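One structure follows; several queries about it will come next.
Note that the chains are named A, B and C in the order they appear, and that numbering of residues resets to 1 at the start of each chain.
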């Protein structure tokens, strides 16, 4: 690779992870992970439980500290000082498996909190932004309700809107549909598909292979804390290269 | 502090134990009646027992002992301090245990009562064979917690004039002028009674939490 | 039986009984504040990496919870002068109430801190909020809500146990009523009336606590 190519690559890339390693005490959770995600690209991360996929995306917004290699988000080096961590977190939205809406705030307040407190936005602007995004996830009529009054699918759509209120450049999804009743999975996936079509850069940890086929530019398969294989979905599903990938796909697709 | 003084404390300890046992046993019997009345579904009974519980939970135990002590004398029942304090502590225990057990009776799933009804069991059998065995299991940690409160509460009998452990400590302390030593030992004696119960209660609570998870 | 109730001494003593109620409130409120401070400090020490400190807190909690308040108040009453601290009965009673209530508060607050899920913390951080903001805006209210019922019922118990401070003649309702009783020998009348006073005091306390609960913690939970 020429010098010019590296430059171009770096400026295009939204996220670059180079040689990232992470340990919990003596246990190594991530081994030498290299990933580059271009702007607008959609990545689906999959793998058996304990393979390190959640740990990996949690490193991108530094919910987990990594000990080796480097992570760049939108050109910024994600160090371990709180200043750069905060800067990165303002650019990166995250959606959790357990929604993690704040129970003591209404839907609207959940969406307004961080824009006001972390971005310094005025209340009126934050509210306008929140209402717009709640409209977009088709839940605007629930704005004054509290999280406990919503169904799981509705809560997760609010969580997506809440993350979008920060106008993030990247969205991370950590098994967003795993805690949902089956009949609610679709409404959340539809929201995610709509987001993808608008050009959001997304990294999704999910076992929804239909979603991966439809939306992903690349599917990355992890096992034991390392990347085993990555390919565009058509190739990944029709012609997996590794034995572990085949075994995993057999289990997960056979189940459906 | 000499051997004689320590023996005097132990005699006081004996009365503390006696008072606790009597008040707890009588309190359990009366408390069961309170709990059943409180969950009877009969509005009047429920109101009366709710008021009974609220009065005992809303006033100091010391005042309850005073009122019972002088109130019994007033209606012509002449009792020595020991009997009057036993009655006072029993009433106190019946209200607290009644409230604890009301909670546990209500914590038994409704389906249990419905299933018992569907099996044609009458009220007495429904309670004795189905609901209460489960309720008692649920209530055990809180019941033991209250027993510890009750043992500590018997110390207030000393203010009414009954010579149990704390009053024995007061008497000795006034004789030998070593209040720190005396009340230190008195405290240790209470601790030795209460701590095993506290540990057992916490153990039951953990066990129960683990089995319902 | 020819005893007739006579409430005259009670009525005559009403002004001093009512101002003694303020003494009870004063003891109770100071005791609650001290208990809260001890409770928070105890929880912080209880999480300390130093093992000896953790065991110190555990030992403190268990000693206080497994001995009668009356014995504790006597012990403190006699121990403070030995430590060179000379205090009137009322401040002594406040210290005893605070220490006793603090031991229970430690256990209650610790439970509240443990009840908050790690996910709430992470969601706040992921939104770009600082740790202090996450604590203040996200953790604090649900944690307070979680401990509020047990903490306030503990405070009602603390209020009731101020009556035990009469044993060292602190200024409060029970000791004043004992004085009226010994002057008049109308024991039942005096203690009955004072019991009603206590009922009103604890009822007022509970209403105040419920008012704050309805105002600040009224969001629905599953």
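The rule is short, and it goes like this: a contact is a pair of C-beta atoms (placed from the backbone, for glycine too) under 8 Å apart; a residue touches a chain by one contact, two chains touch by 3 or more.
Keep in mind it's a predicted model, so treat the numbers as computed, not measured.
Asks: Among line, ring, star, complete and other, which best matches the way these chains touch?
Replies: line
Asks: Taking each chain's centre as the average of its Cα atoms, which is closest to the average over all protein Cα atoms shown?
Replies: Central chain: C.
Asks: Counting only Cα atoms for the centres, state how far chain B is from chain C in Å.
Replies: 21
Asks: Please tell me the distance, in whole Å, between the geometric centres of chain A and chain B computed from their C-alpha atoms.
Replies: Their C-alpha centroids are separated by 56 Å.
Asks: I'd like to verify one number: the distance from the centre of chain A to the centre of chain C, where each centre is the average of its C-alpha atoms, in whole angstrom.
Replies: That pair's centroid distance is 48 Å.
Asks: Quick check on the complex: what are the chain B residues that touch chain C?
Replies: Residue list for chain B touching chain C: 55, 57-64, 66-67, 70-71, 73-76, 148, 152-153, 155-156, 158-159, 166, 169-170, 173, 179-180, 183-184, 186-187, 190-191, 194-195, 198.
Asks: Looking at the complex, which residues from chain C come into contact with chain A?
Replies: Those residues of chain C that touch chain A are 117, 119-120, 122-130, 133, 137-138, 141-142, 145, 217, 219-222.
Asks: Of all residues in chain C, which touch chain B in the complex?
Replies: 1, 3, 62-63, 65-72, 74-75, 78-79, 82, 156, 160-164, 166-167, 174, 187-188, 191-192, 194-195, 198-199, 202-203, 206
Asks: Okay, in this complex, where on chain A does chain C touch?
Replies: 61, 63, 82, 86, 89-90, 92-94, 96, 98, 100-105, 113-114, 117-119, 146, 148-149, 162-163, 166
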